[in-house]
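Each of the next two complexes has chain A plus one other chain: chain B in the first, chain C in the second.
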Partner chain A sequence: MGNSERRLRAEFHGSLVILALVAALPLVLTSVYWQGVVIVSLYYALQAMGWNLVTGYTGQMNLAPAAFAMVGAYGVGLLSHHWGISPWLGVPVGVAAAAGIGLVLGRIVLPLQGAYVALTTLSFAEILRLVIGNSYSVTRGDLGLNVPTVFDGRLPYYYLMLAVVVLVQIALYALMRSRMGLFLQAVRDDEVAAASRGVSIVWWKTLAFVVSSAICGLAGTLYAPFAGLISPELGLILNTGLVVSMVVIGGMGTMIGPIVGALLVYTAGEMLREVGDYHLIVFALLVIVFARFFRGGIWGLLQLGADRLPGRRETGAREG
Partner chain B sequence: MLYLDLTVTGLMTGVFYALMAIGLTLIFGILRVVNFAHGEFYMVGAYTYTLLSTALGVPVWLTLPAAVLVGAALGWVTERTLMRPLYAGYSSWGLMKDEYAIIVTFGLSLLLINLVDKVIGPYPYRGPELIDTARVHLGPVIADGHRLMATGLGVAVIAGVFAFMRFTVAGKQVQAVAQNRLGASLAGIDPGRVSAAVFAASGGLAAFAGGLLAPIINASPDVGVFTAVKSYVVVVLGGMGSVAGAVVAGLFLGVAESFGAVFISYGYRDTFGLVILILVLMFRPQGLFGEKGRSV
Partner chain C sequence: MTFLKVKGLEKRFGGRHAVDSVHFDVAAGELVGLIGPNGSGKTTLLNMLSGHLAPDGGTVTLEGREVTRLPVHRRARAGILRMFQLTRVFDRVSTLDNLLVAGRGLGLNARDALTRARALLDELSLSPVAALDAGRLSGGQRKLLEFGTCFMVPPRIALLDEPFAAVHPSMREIMGRFVRERHALGQTFLLVSHDMPVVREMCERSVCMNAGSILADGNTEDVLNDPAVIEAYLGGEAA
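Let's turn to the complex of A and B:
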């Protein structure tokens, strides 16, 4: 087993341990409010995992994860608002809509390199939000749409969201272990070299972009019935900022970074909110500091620490 | 008459798109990165102009240069602290250059938006006008006095940028670094200093646009987000790195929006930029004036 495969497995197992802890959390965390906070962090974790696939692993700077979540949520919301269709049926429609838009956008922009992807996705996200906000007759504009709930109480949502995060994580692990994972990282590390070795880079980039959009869309479809109300604010650039900060703080291009980052950043944000609304300033600063000085994020720092501990090197090498 | 009116209004908006886009395109030319905090430099300019004038009562003819200075200082600090790793001895980062620059400037954008939101507040501020004259008749076209003055200043500054790039040694140094960083440094030009100066100029230009538009845009913390999106469209349309392209594309977008708002839909006028962006990416990704990029 190669070194990178070992690392991937360690990250994956680590993420499962953390998700198991989250599963046990309601035993001690009985506050409905804080259970809601964890549900929303899992919603962000899904987006962060999707974003990490296309940006962390494939190197394509997508600045629209929140917009794709908004697409998913509106898929559910519009079906139920106009035709009274159950949110359960809205989920596949929302995911397909996000994946479809991802495919079209990806086909246009992914043949280009560098900053073009970031520019286009950011413009797309802002303008889609504007269109939804202005199309009052279809979407009720900034008033938002009411979405019927599907469960009574918080815990069913909690475990549904958690189960989906676990399933997506398993799927992503399988994907990253396959040849596709290698292709994606080859594209990220050097497009020219990858192309010269026969990797069809545009095809792999587009595939990663579509899968990532679908995961973000899925997050939105699950969030809609939980929140009960969706509005164009879901697609705010600030929410994309949150997703980016979660992955950068947790560790970009790792299996575990997005999950750790989302749980830490969102719950820390809620705690900081009680002392004053400064959490967004803190996270923005952390993004800059991490990107500038600790590129591996928290996970990278932990690995660095583990490597420096005497006697831990051998176990570290075996496990990760 | 309507066509003339729409063209003039569109060109007057386009001047500000051009001002914003010139800064972005200059940075792209020098460092091959896009500054995602560019809209926030504009926002800071609008706030500096407005708050100095209204809260401290400083005359507008002093607060406008002050806004430019604050924007330039912000640009300079950004370059020195966050952009230096792109070229100063972090060669192993070469492959992650785009990602780093985007994430770090995007983080800076979020930081500035939230700082202003917390320190000054989320409420919009309206800046004072440069002159009192409400309406000016220019032959058949009627224009708002402040808007006319602001547009005039904008045109003068754009002309100044062209003259600077063309006729001064410093301007030629900027072009040299944009063409070949290593070659320029062999010829005795310090690319680091040029990068810092260009970032400062870019921040100053964005803040200048923000200050000039302060009475019109009602500055709020996120006022720069959409303006930045428009500048990206303009820079891609004009060709990344081309100053002339940025000006032509800026004026074009202004006119296109002004006509589209009347003939297509007012509510969706801000979406025309995206349509243009998508069309450019599909059919002419190098933009109107850009060089064809490397392709794999």
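Let's turn to the complex of A and C:
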């Protein structure tokens, strides 16, 4: 077994433990408000997982995850608003729309490098948001769209969102264990070298964009009926910033970082709500500190701590 | 049919010829040295053979199939494997996984890639660092690793750009032995090197470039004793 397989497995199992804790949480967390906070954290966790695939693992600085969540949400919202179609049927449509737009965006940024990918995806995200915000007759613009609920109460949403996070995590784990995981990381580290070893960077980068966009879109489709009202604000760059900070703080390019980061950052933000938007400054500073000094995020720090424990030394450097 | 045929290959950078209508053939199983002073166009020529640069003119044909316009990854799968003068490895994946990228990229299944990678790690004395991220290897180990990725699947032809430069003698010895052994088994190489004793010892035939053109092509001893070649090297050193 390859070394990255062992690393992946540890991260994947760690994430399952965290998600199991989240599943048990409503036993003690009976506040409907805080259950809602966890639901929104999981909504962000999905976006973070999607973003991590294309940016953490593939190295393409995509600044459009929130825009794709918005696309997914509007897929559900528009079908329901105009044709009275159930949100359940809107989910595959919203996901397909996000994936299709992701395909287009992926093809556009394919020949671009570094900062140009960031700038292009950022502009693309803003254009999407402005189009939705200004297509009054279709989307009702900034008024937003009402989306019918699909459940009574909070807990069904809670467990639906959690179940989807688990399923997507399992799917991502399978993807990363396949040759796709190797190829994406090779593309991230050196595109020229990857192509020189037979890897079609066009194909794998495009696929990473499509899958990532679909996951972000899926997040939006599930969020819409939970929130009951969606607006172009879902696609704000601020929300993308939140996704980025979650992954960087949790551990970029790891299976577990996006989930840990989303839960921590979003709930911390809620706790700090009274102090106004200052918590955003704190997150921004944390992102800088982590990006500069702790590239592995919280997960990386935990690993470092574990490696220092007596008896664990050097095990990482030995091949089994 | 010629194994590798290079016909009239040329490349200009801003009007200046880096490679100027270069013709040469490589026969199957040959180990050809490509020499020439700094800036004579060796790396540019390799870039056109591997697909990293589109030529301004000329063709590259491998076993009768024209590959001149084939993209890099398809050329790699066609068996043209290339090692860069400035080492390129995947820094944030392990040494073993670097080899697996090449194995899977070139079409091996997971099991065969792993078997092959383990054998290469042993042969190149990289087994002790198999689990380390390649970014943590020494310069020489990185070079050995990139060298290894060329041989995950036996290439039709291996293009090696200064593999022995700035490498610890023990590692140079490992690579040198590897090249000689594979060559004895019929592996075809094009070897760019500055190191005249190495070229003299390893290559029966050498091609010498100067200012983008081929100055001499033939028996290595004859090429190295060619007054024009000596002149080019002295001129290069004086510059």
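Rule of thumb we're sticking to: the second predicted complex is superposed on the first by the 308 of 320 C-alpha atoms of A that agree within 3 Å, B and C clash if a C-alpha of one lies under 4 Å from a C-alpha of the other, contacts with A are read in each partner's own complex, and residues count from 1 in each chain.
Heads up, the rule we're going with is that contacts are C-beta pairs under 8 Å (C-beta built on N, C-alpha and C of every residue); 3 or more make two chains touch, one makes a residue touch a chain.
Remember, predicted model here, so these are calculated numbers, not experimental data.
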Requested in this report: In the superposition on chain A, see if there is space for chain B and chain C together, and answer fit or clash.
Outcome: fit
Requested in this report: Kindly classify A:248 by the partners it touches after superposition: chain B alone (first), chain C alone (second), both, or neither?
Outcome: first
Requested in this report: Scan A:31 for contacts with chain B and chain C and give back first, second, both or neither.
Outcome: neither
Query raised in the report: When the two structures are overlaid on chain A, which partner does A:200 contact: first (chain B), second (chain C), both, or neither?
Result: second
Query - Touched partner set for A:86, first chain B, second chain C, both or neither - result: neither
Query raised in the report: Which partner does A:113 contact after superposing on A: first (chain B), second (chain C), both, neither?
Result: first
Report task. Answer with first, second, both or neither: which of chain B and chain C does A:189 touch in the superposed model? Result -> both
Requested in this report: Quick one: classify A:291 as touching chain B (first), chain C (second), both or neither.
Outcome: first
Query raised in the report: Who wins on chain A residues touched, chain B or chain C?
Result: B
Query - Gap in Å between nearest CA atoms once chain C and chain B share a frame through chain A - result: 6
Query raised in the report: Taking the contacts chain A makes with chain B in one complex and with chain C in the other, which residues are shared?
Result: 189-190, 192, 195, 201
Query raised in the report: Tell me, which parts of chain B touch chain A in their complex?
Result: 28, 32-34, 36, 81-82, 85, 95-96, 98-104, 106-111, 113-115, 118, 222, 225-226, 229, 232-233, 235-236, 240, 267-268, 270-271, 273-274, 277-278, 281-282, 285, 293-296
Query raised in the report: Mind pulling up the chain A residues that touch chain B in the complex?
Result: 55, 59, 61, 63, 108-109, 111-116, 118-120, 122-124, 126-127, 130-131, 134, 189-192, 195, 201, 237-238, 241, 244-245, 248, 277-278, 280-281, 283-285, 287-288, 291-292, 295
Report task. Going by the contact rule at the top, pick out the chain C residues touching chain A in the complex. Result -> 50, 52, 71-73, 76-77, 81-82, 84, 88-94, 96-97, 100-102, 104-107, 110, 114, 127, 129-132, 146, 149, 152
Query - Complex interface listing, chain A residues touching chain C - result: 1-4, 179, 182-183, 185-186, 188-190, 192-201, 253, 316-319
